[in-house]
Every structure is written in structure tokens, then in C-alpha cells.
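For reference, the structures are reproduced in the following blocks.
In the two complexes that follow, chain A is the common piece, with chain B as its partner first and chain C second.
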Partner chain A sequence: MSSLRPGNVGIVIVSHSPKIAEGAADMVRQMVGEAVPLAWTGGDVDGGLGTNVAGILEAIETAWSPAGVAILVDLGGAETNSEMAVEMLPEDRRARVLVCNAPVVEGAVIAATESSGGSSLAAVKRSAEEFYA
Partner chain B sequence: MSLDRVARERLVRALAGSVIEHADELTSLDQAIGDGDHGLNMKRGFEAVLATLPGLADKSLPEMLKAIGMTLVMKVGGASGPLVGTFFMELGKALPERPSRADLVAATEKAIDAVKARGRSEAGQKTLLDVLVPVHGVLAGGGDAKAIATEAAQAADRTTPMLAIRGRASFLGERSIGHMDPGSRSASLLIGAAVETLEFEVNT
Partner chain C sequence: MHDANANRAAQTFAPLTASAVLVNPVGLHARPSVKLTQCAKGFTAKIEIALAADGPWTDAKSPVKVMRVKAPQGATLHFRIAGPDGEAALAAMLALVHDGFGEA
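Showing the complex of A and B:
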């Protein structure tokens, strides 16, 4: 769960499975190295399969960038919990965090690649969502 | 309606107990058409709520409801955390300290709207809204505690033949038909526990 280069859009990966979240983050790192702030979270608060708002808030903080943060999620609960987490952010940050409607692994890699070129948050989201559209 | 500290604590314990005692049933309903974690998730959430007693019941009714909602949001772990948590949080925001029945009708309507927005869903999609919406209708129509509890249980039953449109069960398509929605069941348990406690308060 590391981060660097504050100028580029941050990427947060949220999966029900911590193994999937971590593995997707590894694939992102392999593509873009340290060029984008990146964090992952997965599992419920007891370590079982699931997602949790506190973990997502922490990941957003870790991957925070003034350019914003794109969140990639897997199944329904990950999306609902991510949207809840975004609403709980301080008001000045809320509009700079977007949940992408894209597959979690492919979306994360595409979003990070787009971010590493210095693209805006909107462009990063669009790229992730267009990949399979 | 005015709930003193003892009554508030009794309400919290009844809400939590209703879900915790039925955790296995909720899990088996969720195993049929979901990911099988609803019972455990709700149990974890309400155990976390119980752990905030006795301080929780020292708060006013609105503040207590908001605190319950926040704990559920942070601890439940599935989509039901934000959904049920949002319901409690919005109810707390909308209710005065000593709500009239009209206040309760208006506040639950706001809370239901917030749940619809959070889940981008409406009644008829085999979710907890299929309990919340008809129960609100009975409440708004002047139904007593018994009528409300009966409607909650029957509304949950009515989700059995429904086709899931939202949530994990929607992946199953027509195979979701024939199983009660676990979120509707937990909503009906919570409503049943709430009205039973509140009726007790009114009668004593």
C-alpha cells in the first residue's frame, strides 16, 4: 500500500478479496512503476471476504493526489461501500474522487497507464470505462 | 412519543437481538441467492452497536440513531452496511427528540428515499425496499404496531417469488425466484423488534 508522484491521479483498488486487490496493484506497479499514487484494500473488518468503508477511506488517503483519485471496484458491495466512503470525505475532496464503472483488474491497469501520462481524473475514468465498452 | 434512557437502551438491545438471534437464518437465505455473508455481516454490525452501550443510550434519540447508522456503515462490510446504516443515519437526521406519529412518517419517508438513492433502486427489485416501502404505507395510513409488524413479515414473504434486479442475487436471474430476499428478512426483523419495543413503551 504505497504511493508516490503527487501530480498524477491516484488509483485505489477495492475488491472483496484482499488477494485480488493486492494482485491487481502488483500488476499496476509492473506497468507504471512509481509514477502514480496507488493503494488497495480488500476484505471485511474481520479479514473475511468483503469490503469496508474504513479501509476504503484509508486507501483514498494513501493514494491521495491533488489531481484526484479513481477507484476501481469489483462486485456491488465494493461499489456501494466506495460511494459511501466518498460521501464521508471532507467536502473539498469529495468531487475529486470518482468510482469507475470498469472491471477491477483491467480497469486499474488502464486507469493507471492513463494517469501515468499526466491525464485528468475525467480522462482516467473514461479510459478505464471505455476499455470494455 | 418520548423514549427515556432505559427505553432507548431497550430499543437498541431489541434491534440488535432480532438480527443476532436470526444470523444463521439470514446466512442461509443469502447462501441461496447471494454470497452467504448477510447473517454474519449484520451480526458483526449489531454486535459493534451493542459494544457502544451504555454510552449510546445516553444520547438523544436522533443522535443515537445517527450513531447506530455510522457504526453499521463502518462495521457491516457488505452492501447492507451502507444501506441499513444510511436508513438509521437519515432517520436520526430527520427526527426530532420527541417525535409525533407525523414526524415518524415524514422521517421514515426521507430515510427510505436515501436508501433508494444509495442503492439506486426502487421497490419491486427484491431488496429491503420491498419491506420498507409497504411498511411505510401502513405507518402513514395509521396502522398500529401489530399491523406494522404483520405487514413487515408479509412483505418479506412477498419477495420470495420476485425476480432480483439489484444486488448479487440479480446475477442469478430467474434462479433468484423462489427464495426470500435476505435483506428484506433482516429489515422485517428490525421493524418487528422496533414496534414491539415501542408498543411496550406506549403501554407501560
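Showing the complex of A and C:
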């Protein structure tokens, strides 16, 4: 289960705080393992709290998988900037990136767990969103 | 995809049942739940867990549902498994519990 399977859905963590984003990514790696492409981004371009589109695009690129990428976000701007980043992707990739309506830490762990079992992007998103169900 | 396979499998294979006591110190908390789910997802069989022999049964392939069971240390975890690889799945699940999910 710990070998990297590039066919698994990638996970991107976007928080206003780089510490939260990195910490959530640490939890995913420790709890779920290495079988899932994973990237995180946080903070504005000046290093303060916030999110930036370029950073999110970079994270999507890092976690890219042919199976798609699920993005976990925290508050407001993280979501709108993530949606903006998705809009800026090449057309053939746009439909394979989804922003999940789920808590960022728990959602990231659950999404990665689902992905590590080889589930589809839709199933990964659905599972992460079960937290609010 | 998993669900459809599991349902089809469940119709043609008699369910296997077994139970094991949770030995790891914190019970079925987040990390063991993830391990249990990952293990379950490796099989096509329909795999369910419960805290009592008569249920209610929880889909062992759903990480959120497994965490909601909140099974404490010392609880008996019951398995109900049906599918072509049911025996291997049951052996793997029981081994995971006996092993304390690698943290006992």
C-alpha cells in the first residue's frame, strides 16, 4: 500500500496558513502513506496569511495525476483562488480538478485514504464531503 | 465501482463472520481507521464491521463511517464479509486487529 501509484487521485491542500497546510500534509503522509500524490500551499505572495493563485497552480501541477486532483481548502479566499486556479488550467485538465466542500484537515486525510484505495475523483470528493453530511 | 462489485459478490457468496478484540491502546481512532479502510479496499468482497454480533453494520471501506464507530480499546469488533476473496479478506482484517494495527 505504500508504493507510489501514479494512477491515484492527487490531493492538494490550500490554507491561508502555510503551517496549517504543511501540517495537514504531514498528517496525510503519516496516516495514509506514500501512495497518493500530494502537495500543499499556503500564505500570500508576501509570506503573510492568505492564498495565491500561482501557488495553487503549482501545487496542482505537483500533485497532478491522470485520475485527477481533489483540492481541500479552508476559508473564503482559499476557495475562490482555488476556483480561479482551476479556471486557468489547460482545458483538458480543468474537468479533472475538483474543490471539495470539506474541512481541510479531516477532508485531506479522508480524501487521501479514499484515493489510496484507487477510488475515482468523484468517490474521493464524495468521501471527503461525508464529514458535513 | 467497489460498491457495485461488492453487492454483486454479496449475492452469490454466503457471508463469513468473525470477531476480534481491539488490543491497541486507543481503539479504532483515526489512524487505525485509515489502515482498516485501506486494507478493506484491497479486496472486492463486501466488508462490514460492527460492535455487536447483530450489527448495526458499517461499511469497512468508508473511512468516515469507520471513524464514526468510535470503537474503544477492549471492544469486540465483528466482521461480516461476503465475496469471492472473502476468506483472504477476513484473514487480513483479523490479522490487522490482532496486530493492534501495527501500533500495539
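To be clear about the criterion, the second predicted complex is superposed on the first by the 129 of 133 C-alpha atoms of A that agree within 3 Å, B and C clash if a C-alpha of one lies under 4 Å from a C-alpha of the other, contacts with A are read in each partner's own complex, and residues count from 1 in each chain.
Basically, a residue touches a chain if its C-beta (ideal position, glycine included) is under 8 Å from a C-beta of that chain, and two chains touch if they have at least 3 such contacts.
Note that the structure is predicted; figures quoted are calculated from it, not measured.
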Superposed partners chain B and chain C on chain A - clash or fit: fit
Contacts of A:Met31 with chain B and chain C, given as first, second, both or neither: second
Chain B versus chain C as contact partner of A:Ile11, first or second or both or neither: neither
First (chain B), second (chain C), both or neither touched by A:Glu130: second
Partner chain in contact with A:Val104 - chain B first, chain C second, else both or neither: neither
Chain B versus chain C as contact partner of A:Ser119, first or second or both or neither: second
Partner chain(s) touched by A:Ile60 [first = chain B, second = chain C, both, neither]: neither
Which of chain B and chain C A:Ala70 touches, first, second, both or neither: neither
Lowest inter-chain C-alpha distance for chain C and chain B in the superposed arrangement, angstrom: 27
Where chain A meets both chain C and chain B, residue numbers: none
Chain A to chain C touching residues, read off their complex: 1, 31-33, 109-110, 113-114, 116-120, 123, 127, 130-131
Footprint of chain B on chain A - complex, ascending: 16, 44-46, 48-54, 75-77, 79-81, 83-84
Touching residues on chain C, where the partner in the complex is chain A: 1-2, 30-31, 34, 37-38, 41-42, 61-65
Contacting residues of chain B [partner chain A, same complex]: 35, 37, 40-41, 44, 73-75, 77-79, 81-83, 85-86, 118-119, 166-168
